[in-house]
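Chain nomenclature is as follows: A, B, C and D, assigned in order of appearance, with residue numbering initiated at 1 for each chain independently.
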């Protein structure tokens, strides 16, 4: 398999997505900051057109007024990497589920739902995974009160 | 020394008839005494055996095994028995009470019944049945019913699975078990155990029937539910299988019965294949003890070495390997016997 | 051939059947512990400078202490020190944070207790030691910002030492058993030593000086005193039932 | 006609073979598994939330408690993540010590894997032998860090103690005896036909499925995918060592066992090289006592733990505590395939599958 050309991919995607996509870089990752409506579309392209077949990490950060979903994608075997971020408003925490793209998103999204309280549209089994079902609140949110 | 026990029995009958009892009554009392003796032997044996098993497993695993109570930890089992006796008897509410309670009792009774036909030395057999081997196999297979009772009565899925496995396993392995003994019976020409022992005065049947011995050994391991065939218990899969819901003395009865069975089967094995009570220098009853214990040590050695076999492998092994092998063995034995007969031996 | 693997396994277990055991019989035979083994967290109050770095380093709020400020000084006086071992993760962070080696792990790993409260180790700083600290002038205990202070002059040092000795003498007179308890092993020995020192003023002064100047020597001398006294008592036919 | 009915059997959370607090709800048809649902969270300690209330150095001991069977590896991953954030260069000697410790952890974890697989299949003695040999690695850990299991030995910027003088002879003697240990496992456990019959062709996971489900580590390599973060994305000084990646072909339980058996030998190879090249020098870089990474800096760093890709994602807000810390736990993701690989197999096989996926519940539940 030929090595994925990240730069070419970024320009192509930028052209395609227009202002829904902002590209930024840090030391290790090229970040695709995508509008949350276009997330599923972008991810589908990344997997099927560019060969990012391995979703290594899926997590979220609570920034108060907004949640940020963070995805780290790799490709096996040639080990190209790219990061995807999308912001969703804190009062309507909902984002498209990626289970249809990568099966590994299943539990990782359930974990995010469980601990951060972000709902995933189109997830087949959106229930808590680590905490008991009757637990109230989502502990990783910044407004969750910790005893002691 | 040879005739200690026989002499004691004679003295007892003589004394009883001397008291004015009829011979029939005296024999009956003797029978009761013998039963009591067997129960004492069984209990003592189990105490020693559990200790031995733990010691052997310890040594194999480079540990010491029990070593706190008494010399070499010999009293450990007694302490355990006391603990089990004094434990609370818990009967879960959802169980079928009658079946749940009676299962361990039947199990131990059936196990003790096996000893009736075993010759424990020269002239030392309680009832020398002319269908001894047949009796042993048929009574021995009854233990399945007890396991099924325990599994069904517990009203627990693990227990039921264990019970079902035990039944399936027992049915499959009963056949090679019986078939493997046929070769021996054909050579000895009798099902009476004392006759079979007498037939081995020149050469042990393990030499004449090595295949039958191996098959019997494997089938007996499965019959005894010992590792690597301990499907009904299988603590890593079924938690404790049929015994999951049992506590205290009821559980201990199962344990006791399993070891009782082990002794009985090992004793039968030494009777059928290893020359029974025959042996030089030592008295006959000591010889059978030595042989039985050797067989049991091999059983333990196997258990502490092998992983558990899978259920379907177990069944196909019985039906596809053991049964054809035993059938071929019977055929071969028959042909050779006829040849020898034709040659006028 | 099928079955070869089974026989090989049997051979391995058979070989081990006759090998020596590798386990140790624990309560009788203690395990060999490496030098760095982290057993129970210990606190040596004599070295503490009440800087609070340990409590800051601890991830789980295991450590806490009570202190009171010393008047006219930045220094603090340690009143008690608490190690709540039930939350301790034995991570070594406090030991690494401590600048004076006050905290250390010993090799005691039998830390179970019957009551939850017993797990807590509370060090009440002995009054004798406090007496030393609460001397109005320079105290022997180093303080929080000791590194910032200039090194003391030699004669100052001498004066300081004399003060310490005086303080120790006072302590020995007031509560001899507690003061000498660190020198000897058992309480009975401490009692004997205290008796000797109470009886002889000269010995007391000598001992106090030694305790400040050279602890190890003091310990040896103390032991010699105790042994001699014990021998004397035995010869008298009296209390020969002292320990050891 | 006989009427049969499916039933549900709960394997765990109190069960001898669930490696801690795993709960598998199995829908059964006789002895066959129709479907299985994995329930997690029995060992959940909310480590990610705890991290937000601890300073960067204070969180080190918690990482040791993630994968407690190879406790140096998660600690290593965390320390390297923070170092990456701060841009701290770790002294050479510390890097070598870290590699030695990490590889010993991997061996210890794999040894316990072999042993616990043996006991899950009913061979108690196999476990004891593996434990016996693992004990020697634990002694090495005790020698260096003072703790046996949960060492918390790595520090941000290096390691907490230097190697003691007794370490290198002890490590060499372990390496010397290592072939004998492997020979014994080969004889007693791996070579056993009963065990082979129980593992071969069971729990088959093909390569595409494995990548799709994010399976990593030895479980992925057992499917024949050559993917090891030590090779493809070297961290620390792993690019200096020579070692091979053992690969399986079918991706069944048997391959997962074999890959781990061979990986132990490769780890020993790395340790040998590291011990040879071990330089003298500092063991800890100069790191400020109060660590405050820049506001807005965020790092995802991953290492190859004994279970797979162990990643840390840290977001800093300029304070001395992480704003957000996420652990990408390999056991958590690997466990996702358990229902898929056990479908249609027998009750005894799911036990073997759990054992060969090698989850550590402390890590998967966090």
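Everything below uses one rule, namely that contacts are C-beta pairs under 8 Å (C-beta built on N, C-alpha and C of every residue); 3 or more make two chains touch, one makes a residue touch a chain.
Bear in mind that the values here come from a model prediction, so they are computed numbers and not experimental data.
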Label of the chain whose CA centroid is most distant from the centroid of chain C: B
Mean-CA-position distance for chain D and chain A (Å): 25
Inter-centroid spacing, chain D versus chain C (mean Cα positions, whole Å): 40
Length of the line joining the C-alpha centres of chain A and chain B, rounded to whole Å: 64
Chain A and chain C: spacing of chain centres that average the CA atoms, whole Å: 55
Chain B residues counted as touching two or more neighbouring chains: 60-63, 304-306
Interface hub residues of chain D, defined as touching at least two other chains: 125, 129, 132, 188-189, 192, 194
Sequence positions of chain A contacting 2 or more other chains: none
Pairwise touch network: line, ring, star, complete, or other: other
Interchain pairs in contact, sorted by label: A-D, B-C, B-D, C-D
Of chain C, residues touching chain D in the complex: 2-6, 8-9, 11-13, 16, 22, 33-38, 57-59, 89-93, 96, 105
In the complex, chain D residues that touch chain C: 54, 57-62, 64-65, 125, 129, 132, 139, 142-147, 150, 152, 155, 160-161, 164, 184, 187-189, 191-194, 196
Interface residues, chain A side, partner chain D - complex: 26-29, 53-57, 59, 61-62, 70, 72, 76-77, 79, 83, 102-104, 106-108, 111, 115, 128-132, 139-140, 144, 146
Touching residues on chain D, where the partner in the complex is chain A: 40-41, 44, 46, 48-49, 53, 84, 211-214, 225-227, 232-233, 298-300, 302, 309, 311, 313, 315, 323-324, 326, 328, 332-333, 335-336, 365-366
Of chain C, residues touching chain B in the complex: 6, 9-10, 12-14, 16-23, 25
